[in-house]
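Structure below; questions to follow.
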């Protein structure tokens, strides 16, 4: 098993060595740090009406206050936490489902694969937006875990398909036959022979899931479908719209969350580019 | 098992692969009604020979249990192989091992080369301690003419084709198998390195008391190595028996054409006559009579309808052709 | 004495890679006469494919010609511009690359592909090209109805014949074929080699046949050149070389093939193919040579003529110093 440790160490070295990946990861870590620094600086969760509304940015309120009586700086910090939390949770659940479906379908083939593929395709075909709008309309509000699960439910298909086709081609490789002749069983083969060669795909799939989840969540909230009690970047933008902050020139309502969203997106994108470069040596600077 | 039980016995083995088509199920018959034996009393090398599409690789995969037959039986030392693989697969895997054509494909590119050797040692419980394992690895590497410094810690792309193939042979030797299935082991290796590997196989037959089922299209190599040969054409056996006899005195028209077409490395003995052309792709349905009917210079009406039986024409030399049974 | 069809003088073709310059062809000289089959033998990595591409100026970056002369019927190909080269290619020299039978367009009929190849180089009316395509298909031994078929309907051997047909469409003087029969079954291979031989006679063309298979060389070559690590090891008539291989590497290539009917032990060599980035000093074969001497480690042997038309680069046969 020591070759796994060696491989792991080499992998970390390669990852950190790649400029894009390192830059993206650093950005992401910094942004999360900013978000979670609320606990370090003991900034409480901004409740409605906790401070006087409609204040401009000042020393006391760094980003001013919003129309519901909340310190916008605190709102921003907690929004970062929420968005990242939802994104990563949806990403992890989605990728896990995708791996399971892709692996089992790809390796087993036959009827199992047929069934799993059909399920995948059905989910792909269901229009996400109308469904979420319907759910929101009927349920009034979605709690954060429920929203994350919903996002996950619609983000695993991409991974599943990509993983399935990779598994199908990998299982025909001669080293899988050799593994069978060496006494390895089906699950051992999946995890020790096939999975290690799929890490780049799984990693990219994960990052894409997270990116998709964060952006989709923000988009849903901007149009007003999010959990109103919570605070997230999308909601910040939603409230800006509701109060027509653009018209009134209250840039401190809009600009900070947009910048943060863009930065998160850039960070994730850089990570993705870095992963692509590492797994496809031809993309590395020749 | 007594002395007379063959090491491997293949009985009426057939394999058909389904080809797409939801309504009209079509099949490709890769192997049809193949029967042969490998004797068990002393180690010997049997070659499964044929061109591409002859079914030789499919037969080897069936024997290894990597695919399952449509019909027919495979018996190893008298026991049904499919049953063994279901209930007692480790025993079978220890006794029957394989080496494949592409040395680099046999390695998982994620790991170093020595993992290929450690996995069977662990799964077959061949060593009790780290030092035991090390000793065993050195022993098999030595048997194929390699040293451990050359191999340990390296990745597959750091070895040459010949070295990589030797490592795969070393892996196969670990559980001391009685039968080694070697599928085109030298066809992807440089010519100057082939002799080394072929001689290693000959050597191992003696030292490890191991029989080899050698799969190839190269009859010169088959002549050099084998004791027995089985000639296949589109899934059926057309001629089989003692390798030297079959190759120097072929009887089946297909085998005759094949052997005449082998280029001789001697400019003073070049091909004299011209040969006729290959036909268009044979239709799958035309399998009623002799498999070679459409291209055979000796074909008769009987050949169209009747599949010829395998007949022993001289000691250990069998042919399936109507032209000899008048 | 008619001038030679193709003369290559001290050709060096290299590849630029991130880790250095790979000297794939490092000083090769040869001459191909009219109406002969000239074979180039050697294992993977010896430079034979690069030599073919470089000699026809088909080498693409990161490959490049470092130096050398390539004279075709007296014209220096190195001095021709793109238009000049285009006039020569296909009309005077044609090239059949490795695995070319797999590069047939799967959605076009065979006849149309041959016609297209012709029309790309000549300004003929379409029916003239079609007539020619019909003739060519028969010339290579295919039934005329193949014209209307698609590549997937043909076997490997038939596809290769199609490739050969289009390569001789404009009656070239020289055909360079790189591993034309490698993936084919032995009976099919014999048919293709036969066809190539017939083409040499009926067209009066020369064929440069590149393959690692020594038995194939024995069957149809007139002359043969053996390459190792980017250099010429031996060159001469195929009868001479097989009868008495002078270079130890040629000797090993001959004895590596088990011949039917002969019960002699086959020989091989150990070690690995040499790095073309950092070739061994002195003779490139010395680390693996069974007859290595002290001088072989220091000095590279030059290609010397040791008999009429017989060349070898080995210290065992007339030493030389650089």
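Letters A, B and C name the chains as they come in the text, with residue numbers starting at 1 for each one.
Convention: a contact is a pair of C-beta atoms (placed from the backbone, for glycine too) under 8 Å apart; a residue touches a chain by one contact, two chains touch by 3 or more.
Note that this is a predicted model, so its numbers are computed, not measured.
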Topology of the chain contact graph, where touching chains are joined (line, ring, star, complete, other): line
Chain pair with the greatest number of C-beta contact pairs: B-C
Distance between the centres, which are taken as Cα means, of chain B and chain A, whole angstrom: 51
Between chain C and chain B, distance of the C-alpha-averaged centres to the nearest whole Å: 32
Distance from the mean Cα position of chain C to that of chain A, given in whole angstrom: 55
Residues within chain B bordering two or more other chains: none
Complex interface listing, chain B residues touching chain A: 64, 66, 89-90, 93, 97-98, 100, 102, 105-112, 115-116, 119-120, 123-124, 168, 171
Chain C partner contacts - residues on chain B that touch it in the complex: 51-52, 145, 160, 162-163, 190-196, 198-199, 217, 219-221, 223-224, 247-248, 257-259, 261-268, 270-271, 274-275, 277-278, 280-281
Partner chain B, residues of chain A touching it in the complex: 3, 7, 173-175, 177-184, 193, 196-197
Complex contact set, residues of chain C against chain B: 43-44, 141, 143, 153-155, 157-158, 185-191, 193-194, 212-216, 218-221, 238-239, 242, 249, 252-261, 265-270, 272-273
